[in-house]
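My questions will all concern the structure given below.
Chain IDs A, B and C follow the sequence of writing; residue 1 opens each chain.
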Amino acid sequence: MSEKVTAVSIRIGSIFVLLILWHFVAIAMSDAEILPTPIAIAYAMVGVLVEPGPEGKSAFFHMGVTLGRTFVTFGVAMVLGIAIGLAMGLKKVVEHSVMALIPLALTMPTILMVFLAVMWFGFSEIGSLVAVVGVVTPYVAVNIFQGAKAMDKSLIDMAITFRADRNMLIRKVYIPQLLPYIFSAFRFAFGMTWKIVALAETFGIKYGIGYMFFFWFEQFNMELVLAWIILFVILMLVLEHAVFARIEHAAFKWRPANKLQT
Amino acid sequence: MKSLKFKPGLVPGVATILVSLVLWQVASLFFIPVFLPGPLYLLDLIVEVYSDPESYSVIWKTLVRIFNGLVLSMFIGTGIGILMGIKKHFESFMDSWIMVLLTFPAICWAFLSVLWFGLSEMAPLLTIVLVVFPFVSMNIWEGTKALEKELVDMATVYRADRVMMLRKVLIPQLMPYIFSAMRIALSLSWKIALVGEAFGVSSGIGQKLIYWFEETRVDMMLTWGLSFMVLMVVIEIVVFRLWERHTFAWRHKIAN
Amino acid sequence: MPTDQNNGHGNVVVSVNNLTKKFPDPMTGEEFVVLDSISLTVEKGNFASIVGPSGCGKSTLLNIIAGIETHDPSDGGTLDVYSHTDAEQPRVGYVFQNARLLNWLTVEDNMTFALESQKIPKDLWKERVNKYLEMVGLEGQQKNYPLNLSGGMQQRVAIARALAIEPDILLMDEPFSHLDEITARKMRFDLMEILMHSSPTILFITHDLGEAVFLADHIYMMSTKPARIFKHIKVDVPRPRKPEDPQIFDLEKELVKEFFSVLDAQEAEGD
């Protein structure tokens, strides 16, 4: 038990140590354009949250825009990816056809995908949607396909001998086995989506956190760039832990506790 | 050479590729080439671009940056991963920070690097390293969890010194993890290099991409982009085939 | 082999005196006694065996001798290992239950790993590798890899590795317990032959009384929880020994009876 307390206190302690180190290095360098002090950044962050920003749009507006885009594009990409992955698992023809194109999709650098999406579909919501789907859907499809391949046939056979109908099969046998794959794809894909949306906004899709990154970068305003980055990271971490960890915990209640962990 | 056996998957796979190419070519007829170039048009452009000797120095610049970023990320990442595996306190300290680092979009590092170092070689290098090393650390850390205490004990009984322990006992066990970390690192590094170059310097493939993006020339952008992608895939395959054969030579001598 | 007859310890290689070892319980933090006042002596050239049920702390004793387990003096007792060569520290060879070979090195390189770690001069390596591989019946296997060898052969390599450093003491922790009975029998025979040709000093752990009686000069019988030595027997049967030799058989029967009586007594005490 005391080991856990030590671990937590090390983590909290490390944050303080780093903040103090940062403070002193910043003062030693005394060049706010290279390294502002933590206090300056804190002020900047408060300012960002409280005051209306450029063009009168508040920080919450931008965060809302980015969040909205992220959730919508993520949802579409996930649904498409799961559908394709399942189709690949069910029909060999689909599997071989899609797998022929997957290497291209997975090798395509995100930046190139974003450029193409924006050049073809404009600096708009469609553009960001296409970019996200182009990068995330192939990844999710492959993940789900692997899950479908790994399904335990013996459980399916068992259900059939009990004369389970299709509905029962899907709900009680297929989906629970696929759920871990869906989840791991979920978390990773969500992280990818954030970054793609931020990147797309940087390149000119209006409004959002990425847009603010670029805005302040162009002005060489280190303080505000850092302030926005930290806000973004905090937002992502909160989402990661508060939301995803909880959902995952609830969905996998049936798993026994990890006996190896102390 | 193994003969190409008739695999059932080959037909739909090849058919899909051919059909896609044909559809692409047909679609390109409805648009101007600078908006949607067809595969044949692109091929011409690629030949044109690569007939110019200057193009090769562009590629070379990018490859050097990728190499530097990769090597540095591997060193830092492996060192941190091993330390995390050996010292519990370091592990508690680092794992949250690594998680935080993994959430940073590459573009943020690109911006910060430029703000710190201006338009110089440091900017893309730093961007690559900061994005890639956390992945390497995680991989190596996983590897340290699989290290066998039995072998370490045996070596301790025979009084192997630190260097012997590392060289003959620990690193060989970590090799598969170092290998897979390196594959991920290479794959990531070249993509991040493009981002880093787009903002950080005035040369290299990344810079070409953003230049043609701003000129709204899909054709030129794809010329540089797709040809570079193919080059990197070939490099990835060649490097890893060769390295695997060398490092895991002993595995091939086991009669399975 | 040069012997240091002026080291003041006579022929003694390992001297354990009233050694007690305590472990903190991982769950409760309380200390419980693993080894309780263990005393034994191993003299040069002798084969000493500790016999007891599995899991009673025999390995712990060996690990303390080998230096991979610590002994807190405040727990009580002493343990000393004396070197009879001109090396600065006593050379300890150890054969574990699993061969613990480095699978990515050849048989030869596995042995030179031990030689190099022990700082034995490089010009002696080839000679030692060849000599001891031949002694365990694996001549010609230098360039082969461990995973191409059977379990028995891997264990032989482990034995050759231990012998190659010409150790002051060779520790063996139930080395044949993971092998099938037929292979194990052969290995015991071969070990006996090795004893007859060179004279290694061996401390051998087993739960098999028959094995101990067949191989050892001295037998220390150990009870468990905590581990205590309750009898010491000298086995005076000359080598080569046969397992069907009536002397061996009788001795084994007698020791088995003793064992059961001690175990029954422990149970009656509600230990």
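The criterion applied here is as follows: contacts are C-beta pairs under 8 Å (C-beta built on N, C-alpha and C of every residue); 3 or more make two chains touch, one makes a residue touch a chain.
Only a predicted model underlies this, so the values are computations on that prediction, with no experimental measurement involved.
Of all chains, the one whose CA centroid is most distant from that of chain B is C.
The two chains most heavily joined by C-beta contacts are A-B. A comparison of C-alpha centroids places B closest to the centre of the full protein.
Distance between chain A and chain C, defined via averaged C-alpha coordinates, is recorded as 57 Å. Look at where the CA atoms of chain B average out and do the same for chain C: the two points lie 50 Å apart. Per-chain Cα centroids separate chain A from chain B by 20 Å. Contact residues on chain A toward chain B in their complex (touch as defined above): 6-7, 10-11, 14, 33-35, 92-93, 95-101, 103, 107-112, 115-116, 119-120, 191, 194-195, 198-199, 202-203, 210, 213-214, 217, 220, 222, 225-226, 229, 232-233, 236-237, 240. Interface residues of chain B facing chain A in the complex, by the touch rule stated above, are 8-17, 20, 35-36, 89, 92-93, 96-97, 99-100, 102-108, 111-112, 114-116, 190-191, 194-195, 198, 206, 209-210, 213, 216, 218, 221-222, 225, 229, 232-233. Every residue of chain C that touches chain B in the complex is listed here, in rising order: 63, 66-68, 89, 92-94, 96, 98, 100, 102-105, 113-114, 116-118, 145, 147-148, 165. Of all residues in chain B, only 150-151, 153-161, 164, 168-169, 172, 250, 253-255 touch chain C in the complex they form.
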